[in-house]
């Protein structure tokens, strides 16, 4: 299957490619949500619990979605990166935003190709990748990170992921220095400890005709202050919400039928002395002894109980 | 069936009776959670949408749980009152606590027969009835209500419901004057606008060896102040939680099977040109055309999103 | 347009009216009476203003831009801490109905009336803040007539549909739709397959996210695709150039290579109605008990509103049309066939970048067939209002193979009231927003599927990962 | 006891050890090593102290009452607002392992060690409050050995079981149990039927709420009722006087009048094991992969702990026992038969005040038969870990009739962290607490049932109440 007809495109997080190429970031899927990203490089090998993967022979030129057999005989799937897979696999430099929150942020900020969006802090770049994906190919992300090391790492990742032309990373304190742009943003996203200190900067980054803002905070006290600041700066439609994902395991459940004994000693069921014999006689005849099987979507025992509050608002036309 | 063998017991919310008697408070159940309480009295009639119920002939002497045919031919069930049915039917003088919160309050306060419990405010008596039920026959409820009219109405209801020996209603401001008892309570419950002002009184009402406290507040700011006050007064195991009931309607759902057409023009399905013919050929053969039926527990469209936060704590041994 | 003034409301635009949390999609047309939240008015005066402008309805149903944009609550500093002193005797409001009517007749604006009501309530100051809020909200709703005109978006339209006509979108809650767009990695430049019976809302959301880049093949049941909600987005015409449609009823024949778009089949298609009337029919079927009518489809709105004025013209043109009709029909048929062929060709490549399903149909047969058209290493997402069909779909997909990372999920949404000293989750919430099954395609190998099935089913006893990576 | 000192810890008591949020039920016995949260100690010194006392574990595993009761967090006023300046180089802690060991050897208490760790951490002050909290919690857990001894209660035991051995109680979450007790209107003086396979936890909760007044008939599967958790409550002996048990396997014969407790049947019963060993067997079956062992049953605990000391005595007595055994067995059999007859008589009256079911079995057959024993106008509640069996149960009960106000529900539980400026829902929560089906019995009339079924099923299209009140 590999070889032959694959076209050469630069791999990018905002554009699907068909085949794995040198320099790509690919996702090695081991099963059951166990996976990791790998930088594909001629001559390199990657260790997995199923054995070694040789990039030159096992990866490069293969189609994304292929099954690759490792040296010990176990096998893995190689997946094309997406912002969502990246979120599940990226190196954590901070607490990150997950896809459930990212989804509602993207929709509620009304992002689409061409949108100009500001973000702070960049953090581990989980949201950044998703934002870039959505505003590409004609939009832009201005992301501000106060931690120098993190800002640099983010820049590097964006370069590696083929999206550097869609993003500007700035290393400064957004509360003091803002986003470095004014009146050009359609939307602003804040995930910083004191979002209320950045609302003014957010407002001036947004377009004159208005736009949307979102602030993510784990604690309600942060939300309270942020809402007050938003109101003070004239934002409207201030709306705080929380979204939680419930994942269900699909299981086949067997429940035992209880043994209620026989009605009579040694002949068959003779009915109850019930007030409603027609309905009542042998109520569980077709269930006697044995088990009942059914499919069920079973919640995990312990689940995420809180990530943060999302406060959205609109900068209205003045 | 009625007449004959019924024993005469004073009807009470804390003791089941078999038959409906003059003076009882009974619940008229019209169906689908539609019901109302009625005070049974010789010679009285009650209007329902199904027609009239004559207490002397239709109710008195009948068994609880009986079906009663009204004058227009429609029928209702007459139920023995319970604190839970009362909660669903009581006259609202205030916002009331519902059974879901009441359940966790009762368990977390460790109430049982013999417990001494303090409550403020009495409000519409929804929780009071449930508390009395649980601490009877040897316990006692001290309930404090600042609103005079409400306090009197509560006293009257307790008398009518045969539980006045189990409860003391006091008309005063709990924040100023406390519960009127000291060092005798196993548990204290607060549902007042400024619970933090009553924590000291709650503490002195509780037994020297300790006890449990619960405060119910709709707003998080009240909870924050209450938690601080609890900590200040040396309470431990301070724990805030929220409980929400999800009721499911049991429905039979029919889903249409989509018409994907026939594989070939005018003869039967000839299989897909799929990479996995064994599994794939006619994937929905047994589903072709028609509908699939299944039972589902469907949530209501709009449900209770919040009642209040419950903060529990322990008065520790000093 | 960066930094400049915002886009202006033009005649013919698709716009959204907003009052508080309530939205309504409309066509901006002159001399057209709009009824919204029990108020009637004309949009004529709005034309030329910038999107986002707030108007007050004045006498004669005219819109007048509001000077101060303040959707803030009428603030009142005094509040009782409890309601111990309130005895409700029905005499707390000193203004009579006649008084209020007099105010209105004098042209006093709603906000002013509410303020007067507050000042003339003897119990207002003693009410708790909560009760005050409730009171103000109720009165404002009754007396203030303020609307904002905004540009449509997925956020607004999905919120609007869920609030007003959930039956038309299979109760797909807006946050669930948001998950679908993200899980599906919808973005510019992709080739997406969309199968929905959500009045075209999901299609519109996908189109918005693709911004006119890439292509979409909409699979449709019955006679034609339903796009009532799609049209509310007001997309530029170019967005529709790469929107294709393909009938579900041809999927099997396409998959087994017997598909043909040639004339002998067309009559079958013709017997069924065209897109528009089919649309109406479907909607009636779905929501027979709809309480409120919405102007979802601006075109429909026009039809019903202007029947008197247009009927005359229509009759005059009838004969001429009859002749033209035959020729036109032939052209249309030819065009339709061409489009059908194009869509079939796109599907035949089996390299779609994703599949989005949100329909009233059982999802299993849809998934099992439509996944055939998707390239490996691409996401797919299926929405269903109920959990049970997705359990079945999950099982059948495991049996089929060629999919990994299957996840059945639901999202919980909680809205909050955040006000000084009165913050808490909203007192009511949605009971459910539906369920999603998502996954990623991989290259389907042969023969291993039953094994895979066994492995994926999670078990509490499993401590380590098995060797099979599905 | 009012106003006086609280109850004291006595030898032989059932008590609960508490450390933070973690509980463990134990028997208070002298010279018995207890292992709890990786600490071992003896309870000897606790005897005589009041319940609620907090102890610190000192050298040699002795308990020493703590002077100041403060389970408050080690407060630190300084905190960074973010972590921009933290570079994790693994060198932030200046105390070495040896330093810490030296402190411990000197007998420095855990709290002091934690304080020293904080003071010697170079990055602690720069961490956010959240991170500081996390750090302190981790260190406290490691170095402080503080336990409180409290009296058992439904609150404590249901929380403990759900946290530590949910498999033994069919994942019945404590708040769901709380709903059952309330929905079942459990109170003193009632006659309750309890069918559970939750290690006796539900039975214990019902007994606590009845306070020794009234009677309980426990229905049991297999050889005997399981009451491991029941025994943890430490109920007075009198509570067991009106606790009866009846085998599920005799329910059908009791219902149709062929039941007999006479000897010819007893061998069947005898073949099965007695309550205690059956109990062990059942628990093993249910939770083969249990990671932690708990001293749920104080009796069991004793058996395993003291095997060395008691074995000698046991052997000496063996022969004597053999003779006594026969006579004892006969007496026991007679007693068992008598109790069985009593339980049967209680059930035959068909006037129970309620029915509580919480089992690993399919609930439908249980409900359909056990409801026969319940008086009209009484509540019943069924718990099931899964929703699907209760859908079936609901349908079958509607068909049967004689029940109204059927309600299928689930409760959501959210715990909060409330700290100054750091309040939010806890970051993890339980995924599910199981489902309840509850209702009220009414007098069952004949013939109307299919009609009733049709009516109760809610439909979005129904606008008004039907004439049939079921």
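Note that the chains are named A, B, C and D in the order they appear, and that numbering of residues resets to 1 at the start of each chain.
Everything below uses one rule, namely that a contact is a pair of C-beta atoms (placed from the backbone, for glycine too) under 8 Å apart; a residue touches a chain by one contact, two chains touch by 3 or more.
Here is each chain with its UniProt name: A, B = tRNA (adenine(58)-N(1))-methyltransferase catalytic subunit TRMT61A; C, D = tRNA (adenine(58)-N(1))-methyltransferase non-catalytic subunit TRM6.
Quick caveat, the model's predicted, so the values are computed rather than measured.
K.L.:
Trace the shortest sequence of touching chains from chain A to chain C and report its length in steps.
P.N.:
Minimum step count, chain A to chain C: 1.
K.L.:
Tell me which has more C-beta contacts between its two chains, B-D or A-D.
P.N.:
Counting C-beta pairs in contact for B-D and A-D gives the edge to B-D.
K.L.:
With chain centres taken as the means of their Cα atoms, state the distance from chain B to chain D in Å.
P.N.:
The separation of the two C-alpha centroids amounts to 23 Å.
K.L.:
For chain C and chain D, let me know how many angstrom lie between their CA-based centres, rounded off.
P.N.:
Those two chain centres are 47 Å apart.
K.L.:
Measuring centre to centre with CA averages, how many angstrom lie between chain A and chain B?
P.N.:
Going by mean C-alpha positions, chain A sits 39 Å from chain B.
K.L.:
Just the number, please: Cα centre separation of chain A and chain D in whole Å.
P.N.:
37
K.L.:
Which chain B residues touch at least two other chains?
P.N.:
220, 246, 295-296, 309
K.L.:
Among the residues of chain D, which are close enough to touch at least two other chains?
P.N.:
Those would be 387-388, 414-415, 420, 423, 425, 445.
K.L.:
Of all residues in chain B, which touch chain D in the complex?
P.N.:
1, 14-16, 18, 29-34, 49-50, 63-67, 74-80, 82-84, 99-100, 102-104, 106-108, 110, 112-114, 116, 130, 133-134, 136-138, 183-184, 207-210, 220, 223-224, 227-228, 231, 234, 236-252, 295-297, 309, 311, 316-318
K.L.:
What residues of chain C sit close enough to touch chain A in their complex?
P.N.:
For this pair, the touching residues of chain C are 2-7, 50-54, 69, 71-72, 153-155, 158, 174-175, 177-179, 181-183, 185, 187-190, 208-213, 351, 353, 375-379, 387-388, 390-392, 394-395, 404-418, 420, 423, 425, 440-443, 445, 455-459, 465-470.
K.L.:
Give every residue of chain A touching chain D within the complex, in rising order.
P.N.:
Against chain D, the touching part of chain A is residues 94, 146-147, 149, 192-194, 218-222, 246, 253, 255-265, 269-276, 278-280, 283-284, 287, 292, 294-296, 298-309.
K.L.:
Per the contact definition, I'd like the list of chain C residues that touch chain B in the complex.
P.N.:
Per the touch definition, chain C meets chain B at residues 81-84, 87, 128, 130, 166, 171, 221, 247-253, 255-258, 260, 359-362, 364-366, 368-369, 372, 386-389, 396, 399-402, 414-415, 420-432, 444, 446-447, 449.
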